[in-house]
Amino acid sequence: MERRDFLKISAVSGATAALDACGKPERQLIRFIPETDLIPGIAVWRPSVCTMCPAGCGTTVRVMEGDAEVTRKGQLGLIKMGLAKKIEGNPDHPVNHGKLCPRGQAALQVTYHPDRIRHPLKRSGARGSGKFQEISWEDGIHELVTRLAALSSGQKTAALAIVAKPMRGQRRVLLESLAHALGAPPPVFFQFFEEAVLRQANALSFGRAQLPTLDLAQSNYVLSFGADFLGTWNSPVAQNVGYGEMRQGRPNLRGKLIQVEARMSETGANADQWIPARPGTEGLVAMALARVILTENLRPASAAGGAGELIPGWAEGLKDYAPEKVEQSTGVPAATIAHIARDLAANSPAVVIMGGAPLAQTNGLFNALAVNALNALLGNVEQPGGIYFTPAPPGMAPAQGLPIQPASAYAALTALLGLSTPTTLAPASPPQVLLLDEANPVYALPDPRVKDAIEKIPFVVSFGGFLDETSIFADLILPDHSPLESWIDDVPESGVTQAVVSLAPPTMKPLHHTRATPDVLLEVAHQLGGRVSKALPWKNYEEMLQAAWGPLQKEKGSVQASSADEFWSKIRKQGGWWSSEVAPAAQGRPASAGGPPVSYKEAQFSGNAKDFPFLFMPYESQQFLDGSLAHLPWLQEMPEVLSSVMWGSWVEINPQTADRLGIQQGDLIEVSSTRGTLKASALVFPGIAPDVIGMPAGQGHQQFTRYATGRGANPFKILDPVFEPATGSLGWAATRVKISRVGKGKLALFGGSLRESPREFGKR
Amino acid sequence: MAAHSPEQLNQDVLRPLVRTSWRFYLTGGILGSIVLAALAAFIYQVYAGIGVSGLDRPVFWGFYITNFVFWIGISHAGTLISAILRLTDARWRRPVTRCAEAITVFALVIGGMFPIIHLGRPYLFFWLFPYPSERGIWPNFHSPLLWDAFAISTYLTGSSIFLYLPTIPDFALVRDKAKGWRRKFYGFLSLGWTGTPRQWHRLEMAMRIMAVVILPVAVSVHTIVSWDFAMAPVPMWHSTVFGPYFVAGAIFSGIAALIIAMAILRKAFHLEEYLTPFHFDKLGKLLLLMSLVWGYFIVAERLTVWYGNESPEMAVYWSTQQGRFTHLFWFMVFCNLVIPFIILSIKQFRNSITGPVIASTTVVIGMWIERFLIIVPPLERKYLPYSWGTYRPTWVEITITAGTFAAMALLYMIFSKLVPMISVWEMKLGWRQEAESPQLVTSEARLTGAVPSADLPAPEN
Amino acid sequence: MARQWGMVIDLDRCTGCEACVVACHAENNIATVGEDQAARGRAMHWIRVERYWEGNFPNARVIYRPVLCQQCGDAPCEAVCPTYASYHNPEGLNAQIYNRCIGTRYCGNACPYNVRFFNFYNPVWDKPLNLQLNPDVSVRSVGIMEKCTFCIQRIKVAEFRAQAEKRPLKDEEFNPACVQSCPPKAMVFGDLDDPASEVSRLAQSNRATRLLEEVGTLPNVIYLRSVS
Amino acid sequence: MKATYGLYPNPDSAERAMNRLRSRRSALGFEVRDICLAASEPLDEYDLGWREQKTPMPWLAALGGLIGGTSGYLLVSLTQRAYPLPTGNMPIVALWPTGVIVYELTMLGAILTTFISLLISARLPRWRKTVYDPAVSEGKILIGVVNPEEATHADLVKTLLEAGAEQVKEYVSS
């Protein structure tokens, strides 16, 4: 309930409020047997793993005894139980070194969220009406089993589709094995801001289809193309820790940061130099830099190895990419390029990064390969102060450890749903049963066909803990525990230079009548019997985890134990296992998967420049990432650092542009592409190119708890279907728009003045 | 035109106490309902929380404190003015003093409520007072708010006594004239006054002492009110000019209020014979003087800030010169300086009664705005620009503000129904002295109605 | 055991990630006020990351500055409080005694840093969000001023533990929530009177400045300028 | 008690009556203090017994101020020392803030003592019936003698009338 409503009511019902006080519901509640042996007032810290983003940080949770109002066997009552009170970073964890980002801190509110689904639900109204009725777990599981059994008996199991949010480790294995055992296509792990292009590029350049680990702590010079590595990209906490060291961790040595991007990100705001290159030309800039380095013989072309061979004309010294030549298209002065190129060569180890918007262009792959080549040329690959690739935990097939998914989830998902895809992927036959695990494609995808396709699926099961735009279509909801209530394991893809398995038991007893999805799926497999139960023989998830990670006992790592049980209990206490040997420094020229050279093509944008003069630049929100966290009040009220906006969404406009169009801060702006239109309040933003309109993702939910529903606008919905051809991932930074003022909007700003300098004081 | 005899005076002054017209009840009803509305608004605020006001961070003080300063300022009408006039033995003061002293007491009562109204937890206001409490702690005497508590209570006590003493003989008069319950009532108020030499002597002595004591108190009160602001390191609050600046403003608005009150009494109770254009002329001159003094302070304050050119202060300065308060600022100058100067510096306007009344009205409005502009803009632009904010009042604050004006009028009305609004014995004394010693019969004396109306010059209006 | 708790914030390390903001909310039971109240300037963030723009496109730059209560040695907020709700505790903290506060909001005006926050309404936690509340920190009701305490509850716990174990309190053994969470380690907390502590070592840096020093509040939060 | 008094239209006749009563008191057999007087306004300029008045009120006021101020200082210093709470790096008992309180309480002391000393020395409030006539409010001045000798009563009345009394009345209080 909004504070204001609360007041309305309290104002009118003053007298009744006084009466209520006499009959407080707490008084009437019965007390259940305590579910804890904690000493009142004494806090214990228990390890856990953060699941808010794919970074896989290790956390430690402060648990204290307290009274919770819960329902047990249909009876409302009070129970003494261990309650999670605060989440901190796990000091021993090699990814985040005891630190944690705001989103990780806010994970606490997932568990205690008032709109969590508290028990199994069965659809009672029309699809999407949000009408459900409570059912027992037995019935729920039974229904799911019969549906799946029907599929397998009918030999139509290809008709089973599994769509989950990106996950790694055993939970992923479980889903994959289930799909495989049922003869269904592999699950799709979907998220809007996917890294298919970068993984593809890294696979081509270095033979590693995975995100890079940045050794910022030791690098002297960081050049980043659009990568908001301090905010949301890749493994932010690890990168923040490294950044701090890079700046002030070493006596008399302060690493520099140069950021190339058309819309200043949280990271760009920290840069010593911010270079607004034209979107889609980042690859050119990188090549121009390489060109300078080669022509001035600061590095030999051969140093780039395979990564260089992927760039046409590399061996010939990149004649086409002379700074003067590219100056026109990139908008970056040749002098600046030359200057940075020399700095790069002089201040080694220097690292070059690319992420975010430059990869979301039609020429994203080339941009990534260009940066890889530049990195290779500078000799930064798997060298101190450069980029590493986190090794997979020993004795584990890569598939089991790390996600190899070069093709975009977008393409995979559309194919899975039986829709035509931007790639060569052939559409599967429309699925009969859909298992949803916290993925929310209906919100995240501009493509309206996805919603229709899901609506057409005869039977949809959702395991997520909240009703969102996708799970609202579910026929059956089997709510998962919150992460704090479940066994979690994760295998960080990046952010650490050694093999890591994050693994932790539940930190508290379940608050509601929920069940851990892995346990449910194992139960389902058991009831299905046959191949499925053979593939998934474990009684519960802990057994499965033990079976999978137990063998690590033999490896040299953070846990030394004589017996399997000791090993397991130590792992539980430590919150995971990490190898004691770091990734080996590569010898000489970095290995490459090779493949045909990829030549530069000018980036394509949808909508012609005349009718749609602005380039629309959505970006991952510091508060909500791709929108999956918009339901947490702490994050809603956290002022986004550059805009200081709380509880809303906004469009960022360059001051000159705003003046030209007569747009004031807080005006309501209509942003239209060929695909659609949205309305949001204008924010005057000095750090954005005059022909670019920025907008954070995350708001504009039609259905996502009381805190996010109907709040702000969703930038994804006006994106045109433009794709990076090689991977078929969405070019979300390639849509042109036009804007117009349509009235007075509202912005809840925490910050007052934009500027600190007295010169501005005279201004109104 | 009625002749000027003590009997006539007795009648004229006592008439309002016994006869009450329907207009009185009508006005009283209207004012009363406004006051009730304000009361309801306050109760709502206490119930729902101070959040129903427009206050926010960083503007923690708004309309309420503005009203506080404004009314305390108005309270300087009476005691200060009448004390000055008594000490200087200005004869023309006689018909004026009581109206003035009455304003003081009620303005103080109303102003004094605001520090409580604006509290986040008003039901705990008594924690401000020093008394041995179970909380094992005494109030913090370093806090200007506590100085306020002491200053205002002292001033209230003093001015109530100052109002009461010269009224005792008049109560006796009413007692002798009245019958029934009034006789008892006024008999009680007059403390059994008979008018023996000893009583008269002591009374006059007491009045002389009070006049001497009350002056410095009045000055200190508004100085301390100004220190509520000056003691905080807020740009354009933290200034030494505030003490005298506030006192001057207080006297300024006080005189204005007095002129308005007198004009109303004059019309309502037909006291044209006693409150003559001459008094308005005198007070008008005083008002003009204070207006100029006030202008001088504004200049002194602004100019030093502007020359000092320190960025925090300039931020505030600009918000009133080129910011959202510009219009309000110049309107205030117009009300407090331009209008009074034009009207009061021209004799014809000043001598008419309407002239001074118009000027006084604008001054009262202008001074309220001045208090607002002293309080709000600095808070909106306090140091770190990131934490700047804006303030917009809500209906709750506006209602309560309106309520206080209504309350003031209502209290004054009721008072004028219970107490002779002109000090009868002082008038008579004055007449006699002038009658006996003709050298005293100045134009002034004539205007104060000391000689038969035949000799009176034709009234201006 | 006279101590002077202080903090050093390295502006060159701070990346504006706002981990401190949420950490503070979680640790100190700070209520979220909702959109309408937030729009009216009543959001409560005991620590905030101030953002200032400099220059214009294409040379726009940004400065981040985390601002929390500066725990002034010479605090304007203390002297003006008529009820001693805001006073100076023996360890040099500007303590706010909620029970004594009657809500004059004078301290809020007197504070040059605008780091005092007022409860304009009673805080609301939609059940079961109330279960997230930290039992070590009292929940503030309507009409009360609240502010950063340097996580005094953590200080006390650490001191009791040290006393129980009959040993001196170690500098690194605890931190306020903001410091503990800060990913780039931009914040350092400790005893400024202890010359051995890291905080007093950093306070000696030639990059050290204090916020609004000219107001004469003697802040105990030291900022290290980012030199670039 | 009873009294005989005359009502005089103006101060001059009142003064005359006063002088005659004074000079003939032994013959009529009463003391000066038996002479009673009531007027509706102060008559300082006339010899009616105002002139020789003396009162320590100003000194009492000063003393009251002194007491007020001292008690103010004691209140501040004692309470602050009883609960020493440091604020704003000020001394526990700070000179200037204390000065403000002391100043206000000094004034309050003076005001209250003035009021009280007035009541006491002017014998107010007095509820006992005393020699008075409502005509005083009409501007008449009452001069008379309390408990006059029966023997010389006629003579007294004559004296009062000769002095110019408009009428002579008897006052009897039960």
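A, B, C and D label the chains in the order they appear, each numbered from 1.
The rule is simple: contacts are C-beta pairs under 8 Å (C-beta built on N, C-alpha and C of every residue); 3 or more make two chains touch, one makes a residue touch a chain.
Just so you know, these numbers come straight off a predicted model, no measurement behind them.
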| item | value |
| --- | --- |
| Chain closest to the middle [Cα centroid of all protein chains] | C |
| Of all other chains, the one whose Cα centre sits farthest from subunit D | A |
| Of A-C and B-D, pair with higher C-beta contact tally | A-C |
| Euclidean distance of C-alpha centroids - subunit A vs subunit C, Å | 30 |
| Computed distance of Cα centres, subunit D from subunit A, in Å | 91 |
| Centre-of-Cα separation between subunit B and subunit A, whole angstrom | 66 |
| Subunit D: positions in contact with at least two other chains | 83, 85, 87-88, 90 |
| For subunit B, residues contacting two or more additional chains | 48-49, 51, 137, 140, 142-143, 146, 384-387, 389 |
| Multi-partner residues of subunit C (at least 2 other chains) | 37, 48, 50-52, 76, 79-81, 84, 121 |
| Contact pairs between chains, per stated definition | A-B, A-C, B-C, B-D, C-D |
| Residues of subunit C that touch subunit B when the two form their complex | 37, 40-42, 48, 50-52, 67, 76, 79-84, 100-106, 108-110, 112-114, 116-122, 142-145, 211-212, 215-217 |
| Complex interface listing, subunit C residues touching subunit D | 73-81, 84, 86-88, 218 |
| Subunit A partner contacts - residues on subunit B that touch it in the complex | 44, 47-49, 51-52, 311, 314-315, 318, 322-324, 381, 384-389 |
| Contact set on subunit D toward subunit B in their complex | 11, 36-43, 45, 48-50, 53, 55, 57-58, 61, 75-76, 79-80, 82-83, 85, 87-88, 90, 94, 97-98, 100-101, 103-105, 107-108, 110-112, 114-115, 117-119, 121-128, 130-132, 134, 136-139 |
| List of subunit B residues in touch with subunit C within their complex | 48-51, 54-61, 115, 118-121, 124-125, 127-128, 135, 137, 139-140, 142-146, 149, 228, 231-234, 379, 382-387, 389-390 |
